[in-house]
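Both complexes below contain chain A, partnered by chain B and then by chain C.
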Partner chain A sequence: MTGPLRTRVPLLLGVAALLLVVVAPFYYVIVSSFKTPQEIISPVPSLFPQSWTLQHYAKLLQASNFPTYLANSLLVAAGTMLICMVISTLAAYGLYRMQLPGREFLFRVILVTYAFPGVLLLIPLYGMMSQVGLIDRLWALIIVNVTFTAPFAVWMLRAFFTSIPVEIEEAATLDGAGWLQILARIVLPLALPGIASVAIFAFITSWTEYMFASVLIVSEAARTVPVGLAGIIGQYQVDWGLLLAGATVTMLPVILLFSFVGRSFVEGLTAGAVK
Partner chain B sequence: MLQSLSRPTAHSRRILLGYLLVAPLLLWLAGTILYPLLSAVLLSLQDIKIIGTPGAWVGTDNYARALADSRFWQALGRSGLWVLANGVLQTVAAFATALILNQRFPGQKMARVWIILSWIVPTVVVVIIWRWLLSSSGVVNYLLVSLGLLDGPMGFFSTRNSAAMSVVAINAWRWFPFMAVMVLAGLQNIPRELYEAAAVDGAAAVQMFFRITLPLLQPVLFVLGLVGTLLSFNVFDIIWLLTGGGPSGATTTLPVLIYETAFTRYRLSQAAAISVLSGLLLMIFAILFIRFMSPREEDA
Partner chain C sequence: MKQTKRSIWLVLALALATALLAACAMATPATPAAEAPASAPEDATAPVEITLWHMEQPPHRVERIQQLIDEFNAAHPDIVVHQEPQNWGEIYTKAPAAVAAGNAPELLFAIPDFTPILKDLGKVQPMEEFVAEIDERYGYYPAAVEPYNYDGHTWAVPLYNMAHSLWYRKSVFAEAGIEPPTTWEEWLAAAEQLTTDGQYGIGLPANKHLYTDQVVYDFMVNAGADEIYNPDGTLRFNNPQTVEAYDFYSQLYRFSPPDSPNWTWGEAEACFANRTCAMILQFTVITTYDTQAEGDPEDLGVIPIPHSASVENSGTIAYSNAVMLLTEDPAKQEAAKEFLRFILTPGNYGRFLNMEPGLFLPVTEAGSQDETFWNDPLAVKYQSQIETMVENAQTGRLFGFTNGNTFPSIAAISAQNLLAQTLQMVVIDGMPAEEAVAQGQRLMEEAISQ
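After this line comes the complex of A and B, so read on.
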């Protein structure tokens, strides 16, 4: 089964290099968040804590506004996820199951909006939000996040929706089922992995978003995790323990979600590029 | 195509329904992309510092000012370099990664999923990770000094060149897994038989790469080249949080300049003008790219 040693060794070296480049930084950050402050700034780095401590986590959750940031981010991510799921699923169903004329054109429009540089919209969106009184409101972030997740979500759903055989739907139509019934009973269950990965994508994107959150949110009480953490970077005299704990807690939800649907997420991600 | 739905009324009703289903998304995008774009153009033709206050129409003054400002041209040049450096670094790393992940090895399935960890994690986490690893008491400095490559710890973000290079490297680290996954998907679409036939003919691995792999990857590379360029132009937060555009402007790309002009120097209208100019440039780039780089076979 294994190939000749000549090709095996470079391959394994490559894998090791990838592990080192991609995974090692995360390992080192997570592990170090449990080290004592003295060990963190020690001139000789250690791969494993000499004595474990939860003091940075205690400080993060008790002495900073981090719990507020967490709650805000969860609200924004959940709201974005829900709206994005509904409108992108409807759009994908319309586009890919209804044989819409002009579908390729619409698909391209959607692709363009995905790659559209958000920074060009920063100022006008800021103006728009302040005119409708949404500055400092989490709704503003949900609205913006849906804009930047829904197009890509449709892109991801394409492969999942087009892989469902048309005959199933046609048979249901002959049995007198309406489109809503067909959508709910047949298409949605079959496209579920795709919809789940869209949900995760929307959650991760809004959990991650910094630029709009830093401009549209003014008050400390409405900050999301990325803006709040960025504030901590500048605010304290580089408290590495606190920052490492903050980074660890911030990536936790993403890693948890990803461990459930990572497979179909990556499938959906790649489907648009190759199909 | 639609023999089973041959009755015209049912057919047209279905199409109408289809458009109705797509409508919410299109309306949403019109309200949050199209409308703001138009209002950016209007804003750039006025003189407004604080939103909500009435502004005077100044015509193309903001554009003239932006074009006469050396900061704009420097930022434009830096954006060009930024996109280019990221493109090269990410493409090389992504290709190497995709070729590795396309082989069989223990844990390969897991690696293909978890490779994009650095892409799905918030930027602020990426920033904390690298600020710490690259700090003067950080592990990178420790390794470089122990290996004798440096005499003493260096400040990666304190000189112009090292700051620019560090930010490019960190951003490439963040994005190359995403591109690798795309390239990998393209690789897996190439029929195995082609390689087997080439192997029978005695082709070397290098020949196979240039004769089979690269040409068949064209559609994927086209999408990546276009979307990747636009996405990396767009990168703001990682630069802002790592260096704030410094030291002395060394990492101020166009997005950073736009943000800074609007929200630290409070010149909204001028920032809008720079946005519009950047948008035009990107549009021209996209049109040229599509015209000259489109793969010959249309991917329908």
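After this line comes the complex of A and C, so read on.
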């Protein structure tokens, strides 16, 4: 075995192991969603469907309210993402650039709020949402999701703003630019990878949120995917095909989002890690 | 980099557009899929609105309930009922929160150990007069009403029963040359004989989960240990019959698949459907057998659960599912009762039960003879099995609600799955049944005292 090959073998084995651990379950879920009910529960699992069927997708999209759940989840996740991006960008930039007294303390307080267990807020938040008439409204979920994602997003963005030389902003100030102009024309373009990271973080957090969605939402029409999917599977019986088809469709928006901004997300994580 | 920036701006633009759409959509209240009525104007001629929360979320059940609601609404222009399906997983948190915030539905489905939690919040209405009316018309099975009778009132209206039976493959038994078991001795011998290459004699759970609680209680009932409480409310879980039940469970468990410690109902059904398990204890969801197994009614055996030599007859766990009335408004109360009368009327009731054929069993004598119950295609196909299930359900019991005694503190025991936890000490930790049961009683006493 030559030198380069000897070094490559462990790497290739590592990649193979990773694929097996990470990709295999996703592959199995997706492929099994095209199998017949009998084949899905067969004691000897098959790698490929012996007879392809779309019956689970037909049931999911026609006989259940899954399309409604999907639309609601998209609205909540997109709304959370947008609001979180705006709030956390302004807050992070403001806290970093403005010479506020107790700035460091504020940053730490924000991090503490992120670390606070959400379940402890469940009942008080239900009461608050009820008082303002937001029970069974998607706005309630957006507000809650922003509450839990924005603090960490502020910390993520702080690393990006730190990396931008202050001299650029000082030069813009000398040219007569105001805070908002500097932010819009200079800082934001340079911090785009960080903002993309925040966007993906907020979207995925909101997309997978279960606890508040299960309690604050009561009607079928306002239910999101995680809660709706858990419900249509059933308690004393499990429709495995429906479950697998639902899981497959649920993955699609996240995969699409990553296909658009995945590279920036990686750049963002790396930048955040070293600066 | 240029391409990346374009992508990011594209995503931002899409997010903005979606959020704007969301804002528009959310400016108006969400409209339930089942076409909820508009907010009632403060008008004496406006229809009375009733919201029903139930936990039967699979799409075909929601559809069946909606059919009945549509018929009711069409026949009663002065009343509008709409359903909001919920999940059993969250209802223990969601319902009390909704009651406390004043957002509770008028009607809420329940099982016996859920009712005391809501009753303690002071909104559940006594229903003994209505239950007596239905009893007079259709003949309630007393065992269905019993778990809801305490503190001088009946706190819910029974709607359907669910009971465990022993499921087995007739062909597998015939091939092995053995008869379906009726006693524990025969059961153990059958499980041992049927455990061969690729097949396990029986599938038994050991998860710390409600399914395990239920199966363990099947064993307790059939050992004569169905009473967890003494009549004075003290615990009598630690007794020789309970020990016998746990000990026998551990003997049978040797013939169960290695992954069964993680099972809930679905995994047990799958094991039976794919012929890995020759027997299981299960509620009777006919649709699962019909779609996931071969769907051959001639091969599906459903029998009472075998019993120990110390008791005479088989028993089983049974859940009398009911509905609670949560409104103090007299007009809404009367409208809700009218809807329940409609559901329990033969002709409607059979169709209501057959939202899940075989699983939901009648709680009234008239319901047991309802043609719409027996005319369902699946009920016709599996008639003999369903007849056995209905019969089994009559011998059903539920821990904490036995022999006319109702102990609401059982909710603390079932919420923590302490029957299952005690079983795990025996079948997973290898603790002798006597020690585990004694430890189990200590855990229950702690749970009740908290």
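The rule is simple: the second predicted complex is superposed on the first by the 237 of 275 C-alpha atoms of A that agree within 3 Å, B and C clash if a C-alpha of one lies under 4 Å from a C-alpha of the other, contacts with A are read in each partner's own complex, and residues count from 1 in each chain.
Just so we're on the same page, a contact is a pair of C-beta atoms (placed from the backbone, for glycine too) under 8 Å apart; a residue touches a chain by one contact, two chains touch by 3 or more.
Since we're looking at a predicted model, the values are computed, not measured.
In the model built by aligning both structures on chain A, chain B clashes with chain C. Residue contacts after overlaying the shared chain place A:Ile41 against chain B and chain C alike.
By the touch criterion stated above, A:Leu74 is placed in contact with chain C alone, chain B being left untouched.
Once the two complexes are laid over each other on the shared chain, residue contacts for A:Leu122 go to chain B and to chain C alike. Of the two partner chains placed by the overlay, chain B and chain C both lie in contact with A:Ser130. Contacts of A:Trp207 after superposition on the shared chain: chain B is touched, whereas chain C is not. Judged by the touch definition given at the top, the superposed model places A:Trp240 against both chain B and chain C. In the superposed model, A:Pro189 makes contact with chain C only, not with chain B.
Measured by the number of chain A residues touched, the leading partner among chain B and chain C is B.
When the two complexes are overlaid on their common chain A, residue A:Val215 makes contact with chain B and with chain C alike. Once the two complexes are laid over each other on the shared chain, residue contacts for A:Ser64 go to chain C alone; chain B is not touched.
The superposed model places chain B right into chain C at 260-268; the other stretches listed in 224-232, 260-268 or 368-376 stay free of clashes. Comparing which residues of chain A touch chain B with which touch chain C, the overlap comprises 41-43, 122-123, 126-127, 130-131, 215, 230, 233, 238, 240, 263. Residues 4-5, 7-8, 10-12, 14-16, 18-19, 21-23, 25-26, 29-34, 36, 53, 55, 57-60, 62-63, 84-90, 93-94, 97-98, 100-103, 162, 198, 265-267, 269-270, 273-276, 283, 285, 287-288, 291-294, 356, 359 of chain C are the ones touching chain A in the complex.
Interface of chain A with chain C (complex): residues 37-38, 41-43, 59, 63-65, 68, 74-76, 78-79, 81-83, 85, 122-123, 126-127, 130-131, 135-139, 142, 189, 192-193, 195-196, 199, 214-215, 218-222, 227, 230-240, 257, 260-261, 263-264, 267.
Residue ranges on chain A touching chain B, taken from their complex, read 11-12, 14-15, 18, 21-23, 25-26, 28-29, 32, 41-45, 86-88, 90-91, 93-95, 97-101, 104, 106, 110-111, 113-128, 130-131, 143-144, 146-147, 150-151, 154, 170, 173-174, 179, 204, 207-208, 210-211, 215, 225-226, 229-230, 233, 238, 240, 243-244, 246-247, 250-251, 254-255, 258, 262-263, 265-266, 269-271, 273-275.
Per the touch definition, chain B reaches chain A in the complex via residues 1-2, 4-5, 14-15, 17-22, 24-26, 28-29, 32-33, 35-37, 39-40, 43, 51-52, 96-97, 100, 103, 105, 107, 111-118, 120-125, 127-133, 135, 137-139, 142, 173, 177-178, 181-182, 184-186, 189, 219-220, 223-224, 226-227, 230-231, 233-234, 236-237, 240-241, 254-255, 258-259, 262-263, 268, 271-272, 275-276, 278-279, 282, 299-300.
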